[in-house]
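Two complexes come next, and they have one chain in common, chain A, joined by chain B in the first and chain C in the second.
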Partner chain A sequence: MTVAVEFKKVSRHFGAVKAVDEVDLKIDEGSFFAMLGPSGSGKTTSLRLISGFDQPSAGSIHIFGEACETAPPNRRPVNTVFQDYALFPHLSIRDNVAYGLMVRGVRKNLRHQEADEMLSLVKLDNFGDRKPAQLSGGQRQRVALARALVNKPRVLLLDEPLGALDLKLREQMQEELKALQQRLGITFVFVTHDQTEALSMADKIAVFNAGGIVQIGTPEEVYHRPRTKFVADFVGSSNLVPPQISLDLGGQSCWSSLKPEALTLTKQEGAKVVGTVKSIRYLGATNRVMIQVGETELSALLSNTADHWTRGDFVGLQVKPGALYAMEENT
Partner chain B sequence: MSRAFTVQPGSVHTGVAGRLSDLFWRRPKLLLALMLAPPLLWLGIIYVGSLFSLLLQSFFSIDEFSGLIQYEFTLKTYRELLRPANYDIILRTTLMAAAVTLASVVIAFPISYFAARYARGRMKAIFYLGVMLPLWSSYLVKVYAWKLILAKEGILSWFFDSVGLMPVLEAVLALPVIGGNSLSVSYIGTFLVFLYVWLPFMILPIQASLERVPANLLEASGDLGASQGQTFRYVVLPLALPGIVAGSIFTFSLTLGDYIIPQIVGSSRLFIGQAVYAHQGTAGNIPLAAAFAVVPIIIMAFYLWMAKRKGAFDAL
Partner chain C sequence: MRSDQRSSKWLKLAAIAGLLFLHLPLALIFLYAFTTEATSYQFPPPGLTLDWFEVTWNRADVWEALGLSVKVASISTVIALVLGTLCAAAVSRSRFFGREAISLLVILPIALPGIVTGISLRSAFNLADIPYSTLTIILGHATFCVVVVYNNAVARFRRLSASMIEASMDLGANSFQTFRYIVLPNIATAMLAGGMLAFALSFDEVIVTTFTAGQQATLPIWMLEELVRPRQRPVTNVVAMVVVLVTFLPILGAYYLTRSGTDTAGAGK
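Right, the complex of A and B next:
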């Protein structure tokens, strides 16, 4: 499989701040790649290094095998969908979409024709004559997408593409983006701080923290087998189980991660691990039950039809076999 | 204990102020009308009214023998404007205003661009101070200072002499029409002083309009394949255009109306402002003075109309 984007020991320092620090990264062609992390973790800076808005302090960046650390944005086979869309307010929607073709010298009627085709791809037929200010957030998002795609990029970069949309629209756009990516077969690289977004859309996720990548893997790997406490906490709202409890529950004697849905409660008698029910939150189909075990607080996601527990109950804890994952980093 | 809903003591408005406040709360439009009345009266009566009376005056004429104003509607005064001597004044002033405007756009743009894009904190404060500081001193002092700078034995010719570029200055002064005996008595001198005095009025609006261009628009343009030059041509310039037009309204109309600078620095040929001054004063020809004063208004109206047609305000 061809590698679309490759980072080799890439760093970007702003004075003493190491925004990106010695990052190695490979993004396969045709994949839907998510860069996930909290703000300030280096994911947006990494995206800007690919697009060329920023240059690395050290290391090399290859796009389809070509070193391009110093190439300006207009010489790279990538296009960006900006977080706040960055549509040109003085141009019509059609001219916005046709912009990339215009600066390459494509004739007016040809580029307008292509722009209209692209607008119809993102379901915005008949919007060509309007101005960006006359469109809703979701529509502007589509224009930004069309404007980038009309240039036939080999890699499409999306910076928090759905951040400004409301929940319902966001879910709809997630599906559309995924479908679009599969149809066009272009490599999509998108930055997000929303773990469900990353999990639901990406083929592969790179979890960023403090300027570095903590884990790269498929959504399943990152969700079920977090390598570090950070990933466990950030990606899956997993329980972090201390070594002793992990051992007692049948896992290894080290910090382990445990999904709330893999934890079940039993009667206290005969259980190796016991705790107190601290709180119960009704979530519709499930209840979120918080259990205090010594110093540790664990959360369990229990079906509503199961046994009823009340606050203050002493309960025994059980995990499904193989649900405890030992983490590599134990600090 | 049940508590009846009562108005808290002390919150009931009593007295004139209280009742007025309540009235304004019930009728917000009344307050708005009261606030707008003084400025509207000022604009309507004193400003537009005098403009209208000026317009009216220009349709009267003067009796050439008695020197008295004939209060009869006529276009005779406007025909007078087209006499070669008067027409020359209009042409000269308009060309000067256009040259000053063009030059100030060229000089102001990079300064404004720097201030809007790159200057932060202390640099920005220095920028504002640098642009505004000349406005704090008297206009007359500045113009006389320029007269000294541009004079035959002045600072500029001394400078040219000491770096051995005197022939260049002499060659420039030898140019027909715009040259002259020295810079201070040539059109070039008038131009330079106009340019200096009005420059802040061009820098500030352009800077304000550039300030409103988000940086990611420039990035988006580059990302879509545009070179730096194309980004400037297709994104920066159109978005800065309202600022440029606003600034040029200042420089253009201020130059059209000024009657002091060309009197102190320049060849002693008249500009519109001076003509108005002369006709309404010593000559006592108020109708002609009024007709002259209408010319800049027409030019500006035409200019704005053209700018609108060319889409200068589309980005607003």
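Right, the complex of A and C next:
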């Protein structure tokens, strides 16, 4: 498989701040790649390094095998969908979409035709004559998408593409983006701080923290087998199990992650690990039960039909075999 | 109910009185452009005539002063447009040490009394051994014209988001195309408004001109001289009418251009 974007030991330092520090990264062509992390983790800087709005302090960036650390944005086969969409307020929607073709010297009727086709791809037929101010947030998002895609980029970069939309619209756009990516077969790279967004859309996720990538993997890998405590905490709602409890539950003697749904409660007798029920929250089909085990608080997701527990109960803890996943101890 | 009506009547009266106070003197200037009495302001005018327009038309010194004023205003407006817009772009588009200080320094000339600007320019020209000429008038006017353009442009630049320029580059445009297709259309009306105000300011400027002019007289200076030694006094009134119209139209234009939610800052000096 061709590699679309490759970082080799890429760093971007702003004075003493290491926004991106020695990052290695490979993004396969045709994949839907998510850069996930809290703000200030280096994900947006990495995106700007790919788009060309920023240059690395050290290291090399290859886009389809070509070194391009210093190439300006207008000479890269990538286009960006900006967080605030950055539509041109003085141009009609059609001229917005046709802008990339216009600056390349494509004739007017030809570029308008292509713009209209692109608008119909994002379900905005008949919106061509309007101005950006006359569109809703979701519609502007689509225009930004069409404006980037009309240039037939080999990589499409999306900076927090759904951040400004309300929940319902966001879920709808998630599906549409995914469908669009599969239909066009273009590599999508998107930056987000929302783990559910990353998990539901991406083929692969890079989890950023403090200027570096902590883990790269499929959503399943990142969710079920977080490599570090940070990933377990940020991506999933995993329990972080200290070494001693992990050992007692049948895992290894190191920090481990444990999904709430893999934890079951028993009557106290005979259990190696015991705790106290601290709280119970009703979630519809399930209950979320918090259990205090010594210093540690663990959460379990229990079916409603199972035994009923009440606050203050002493319980024994059991886990399904293989549910405890050993993590690297540091961080 | 009754007291409401009464108070609104008084308000109306007050408003009318205020308007009269502001505009009656102007109306008088206009009226005396038509008087038949040439040497004194006699009220009411003994008769009305259009002769003074013809007399004014045939006076070479009027044309000379008008020509100089238009020339000075045009050139200093062009200088102000270039410098003011570039300065606004620098201040709003990038972060650098002393940015706020520069912003203040650019605006300062309009806050200073004209007489201070005038004296400092005069001594500067003296020190630099630059003879007083049309050029020195233009330079003097440019100092406050830059501010007007700068203020208008900087307000507009603030609304032009950085990502819009990045988007243009990202879509394949080079710097020139980005300026031509994205930046310019978005700041054009602000530049035009700033330019019109600058022109109007320069056109009726007296104080700075007094200090920076040599033997030439711009239109306002010419009018002052006419008041001191009156020959054909109503000619001055005719010229005053022209000045009012010439400066009023650009200001009106600037108002309409920036009325859609944009601030026209620094409109008064």
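Please note the rule applied: the second predicted complex is superposed on the first by the 329 of 331 C-alpha atoms of A that agree within 3 Å, B and C clash if a C-alpha of one lies under 4 Å from a C-alpha of the other, contacts with A are read in each partner's own complex, and residues count from 1 in each chain.
Definition applied: a contact is a pair of C-beta atoms (placed from the backbone, for glycine too) under 8 Å apart; a residue touches a chain by one contact, two chains touch by 3 or more.
Fair warning: this is a prediction, and the values are worked out from it, not measured in the lab.
Once chain A is used to superpose the two complexes, chain B occupies space that clashes with chain C. In the overlay built on the shared chain, the residue A:T228 is in contact with neither chain B nor chain C.
With both structures placed on the common chain, the touch criterion links A:N239 to neither chain B nor chain C.
Legend: residue contacts after superposition of the two complexes on their common chain; A:R104 is shown touching both chain B and chain C. Legend: residue contacts after superposition of the two complexes on their common chain; A:Q174 is shown touching neither chain B nor chain C.
Contacts of A:Q141 after superposition: neither chain B nor chain C is touched. Chain A residues in contact with chain B (one complex) as well as with chain C (other complex) are 51-53, 72-74, 78-80, 82, 84, 86-90, 99-100, 102-104, 147-148, 151.
Chain C contributes residues 161, 163-164, 166-174, 177, 181-182, 185-186 to its touches with chain A in the complex. Those residues of chain B that touch chain A in the complex are listed here as 214, 216-217, 219-227, 230, 234-235, 238-239, 314-315.
Against chain B, the residues of chain A that register as touching in their complex are 51-53, 72-74, 78-80, 82, 84, 86-90, 99-100, 102-104, 147-148, 151. Against chain C, the residues of chain A that register as touching in their complex are 51-53, 72-74, 78-80, 82-84, 86-90, 99-100, 102-104, 147-148, 151.
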